[in-house]
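You will see two complexes here that share chain A, one where it goes with chain B and one where it goes with chain C.
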Partner chain A sequence: MNNLLTIFIAMVIINNMVLAKFLGLCSFFGVSKKLSDAFSMGIAVTLVMLIASVSTSVIYNYILVPYKVEFMNIVIFILVIASLVQIVEIVIKRTNIILYNAMGIYLPLITTNCIVMAIVLINSAENYSVLESIVNALGAGVGYTLVIIIMSGIREKLDLADSPKSMRGLPVAFLTAALLALAFVGFNGMV
Partner chain B sequence: MNTGLIITILSAIGIVCGILIFMVNRFLPKEPESLKKTEEISGHLPGVNCGACGYPGCFAYAQALTKDKNTFFTNICATVLQEPGMLKGLGKTLGIEVDTSKINKKAVVRCYGNSGVIGNYTGIKTCNAASKLLGGYKECPYGCLGLGDCMAVCPNDAISIDKEMNVVVIDPDKCIGCGLCVAECPKNIIQLVPADSNIVYLCSYESLKNIPGREKCDVGCLHCKKCFKACENGAIIWNEEKAIPEFDFTRCTLCGKCIEACPHDRLIELSNVALKEKVGILKDKEKNKRR
Partner chain C sequence: MNDHKDRSNSKQPQSCHPQKQHVKDNKKSGSRFWKELVKGIIVSNPVFILILGLCPVLAITNSITNALGMGAGVIFVLLCSNILISSIRKATPLIVRIPVFIVVIATSVTILSLVFEAYIPPLYKSLGIYLPLVVVNCIILGRAEAFASKNSVLLSTADAVGIGIGFTIALVIISLIREIIGTGSLEIFGRQLFKLPGLSTHPLIFFISPPGAFLVIGIMMALLRLLGVMKYE
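Our next item is the complex of A and B:
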């Protein structure tokens, strides 16, 4: 239990996917303009990472490791994640149209994002069990959601601020992200 | 290294994934019939997701229309109204007929400007921010601040700023009546009126009591009730609480008697003449500046 908690907290704030590992930056800057969009993006990323982690860690632990073909992990992970997200999208579309409207666009967007690929590769590199992989993915998702919500809140305020013309929009967002990353460095060595 | 084993594992996982997708696609209940209708309806909508109809996007609006087609009249899509082709297509799909002249609306800024300023405002250049600071920097607490929050949301570029009077003017020709500016204005002085109505009342000043500096705006409403008394058709209703005239556009015959009666010659106007003139003057000024 203690081990799981450590994995979770380390993933949320210390090894934060966006600010410490610099993964998923495209969606981080692309969708953080509005708070509501950022929130649905965070939820979608968390969901996809959970699905991907569960399926790939099962395959890794019970198929790839026993047959000693671990080097195949990238190819097989891409295959599995892509088809699973496809299935989830179909299921959501057929059963809950409101949910589909809320995050339908984001689901296929993140399928091929580096942040999803990274979390399953971290799982396999660290030899996490299935349960540990789930906690790891959940932590990464919560961390991503936390950071993108902070970022979108700041950017909504920044839009109103009287910043120099050449700095408006993305440049000032990059600076903000850098300062946020600096702040998150402060968590280093906590666990 | 066993190449055969690797190929088997990869293709087995691939085949399993393929079969899973096929099964899900085949055996889950198909999309309900209403969804197809919704998709057909949303094909006739502009797809700009402006939110002026009151729904969070064109698709949500299409869903509401599928459930009850009369939603079209209560939450009208202003963009569709402006495009006869689109309106025809949508009307056909929904099975309703739409008379545009009755629903068309336009927005009017109910302020003539010209109010004095309390001090020099140097803060964030939006009305929203300025109004939060002691209710704005103008003598008249109801006046237009003229910083252009409404300009930013206008989808059709119909709003321009009169720099001298510090007030915004809406071009009645360009306005599509979407109501986005009405929601945006922190002073609540933009009003939607029927597009074919000609009379506008250009003051939002409400009560005579408790407001200092009333005399600072020399074109403001005097609350003299002369327009109310002059109207023979009962189109002007006197709002006792706010002490301002309100117009019932269905009864107005455009006789112009209220305009004659008003001691301020610019307060009640034939909008399509006066506003167009004002917009024209503004455009000329801009042209001169560019030269």
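Our next item is the complex of A and C:
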């Protein structure tokens, strides 16, 4: 139990996927312009990461490891993630059209989002069990959602600020991310 | 130009597929080969102009050794995937092209990561998770979809080399800034090149830490816009 809590907290704030590991930057800068979009994106990423972690860690622990074909993990994981996202998209479309309209466009984007692939690779590199993988993915998802929501709140205000012309948009977003990352460095050594 | 043409001719035997079409307009495609090669380095530099594949750009550039290793890896994967995808482009049904691209790319990345693990273990360790993550780098799938699936093997090779070199140059520039300011010295593959007297005793470690990466890239983007290299939004 203690171990699971450590994994979770480390993933949410200390090894934050976006600010400390630079994963999922495309969506972090692309979708953080509006608070509501950022929230939907965070939820969608967390959902996909959870499902992907469960299925890939089952495949890794019960198929790849016993047959000693761990080196195939990259090929298998990406295929599993790509098909999973398709399935999730179809299921959400059929069952809950409101949810689909809210996060529909983000789901296909997530397939090539490095954050999902990264969490799956971390699970296999650390030899996490299925339960540990789920906690790891949940922590990463919560961390991502937290950071993208903070970022979108700042960027909504930042749009009104009178920044120099060459800094407007992406450059100033990068500087904001630098300050945010600096704040998160303060959590180092907590666990 | 003559010299360019000869060199591109010498590379021709490698590309077996579109040779017939190639002999017809040899002169034209010879110059196009160079155009595609140079294009990736400046005009459509994947990092500074297209802003693609940012994750490794920020994560790997804390030392120039990592940057060079990553650049070499990306060039290898781009070459493999572009050559393979453009040679099977006529046999690939349009609907399943993305899964086919993904499998080709994932296979090349697996080869790359096995080679790195076997022959350069220190670099493999310091690149860590970012080496297998080349598989989801948008530059590679982007080039497969936008270029290799529509052009001949020779042109796709040129495109892969150009884009790969452009990516490596961007990585090297950023890592030079970060390593020199962050450590006060420069080290390539374990050999120290120089040491700045004041900075090496009191280095600004901030620059090799994660927040430093965001800062350096943000400032570089703003500077490139001021100089007119990068477009305004």
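Everything that follows uses one rule, which is that the second predicted complex is superposed on the first by the 191 of 191 C-alpha atoms of A that agree within 3 Å, B and C clash if a C-alpha of one lies under 4 Å from a C-alpha of the other, contacts with A are read in each partner's own complex, and residues count from 1 in each chain.
Throughout what follows, a contact is a pair of C-beta atoms (placed from the backbone, for glycine too) under 8 Å apart; a residue touches a chain by one contact, two chains touch by 3 or more.
This one's a predicted model, so the numbers in the text were calculated from it and none came from an experiment.
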Q) Of the partners chain B and chain C, which touch A:Arg168 in the superposed model: first, second, both, neither? A) second
Q) Where does A:Val75 make contact in the superposed view: on chain B (first), on chain C (second), on both, or on neither? A) both
Q.
One more residue to check, A:Leu160. First (chain B), second (chain C), both or neither?
A. first
Q: Tell me which of chain B and chain C touches more residues of chain A.
A: C
Q: Using the touch definition from the top, say if A:Lys34 reaches chain B (first), chain C (second), both or neither.
A: neither
Q. Which positions of chain A sit in both the chain B and the chain C interface?
A. 72, 75, 79
Q: Flag every residue of chain C that touches chain A in the complex, lowest number first.
A: 51, 54-55, 58-59, 98-99, 102-103, 106-107, 109-110, 113-114, 129, 132-133, 135-138, 141, 209-215, 217-219, 221-223, 225-226, 232-233
Q | Touching residues (chain side chain B, partner chain A) in the complex | A | 5-6, 9-10, 13-14, 17-18, 20-21, 24-25, 28-31, 35, 57, 59-60, 63, 124-126, 129
Q. Touching chain C in the complex: which residues of chain A?
A. 19-26, 29, 71-75, 78-79, 82, 112-114, 117-118, 121-122, 125, 164-175, 177-179, 181-182, 185
Q: Would you tell me which residues of chain A are touching chain B in their complex?
A: 59, 63-64, 67, 69, 72, 75-76, 79-80, 83-84, 86-87, 90-91, 93-95, 97, 101, 160-162
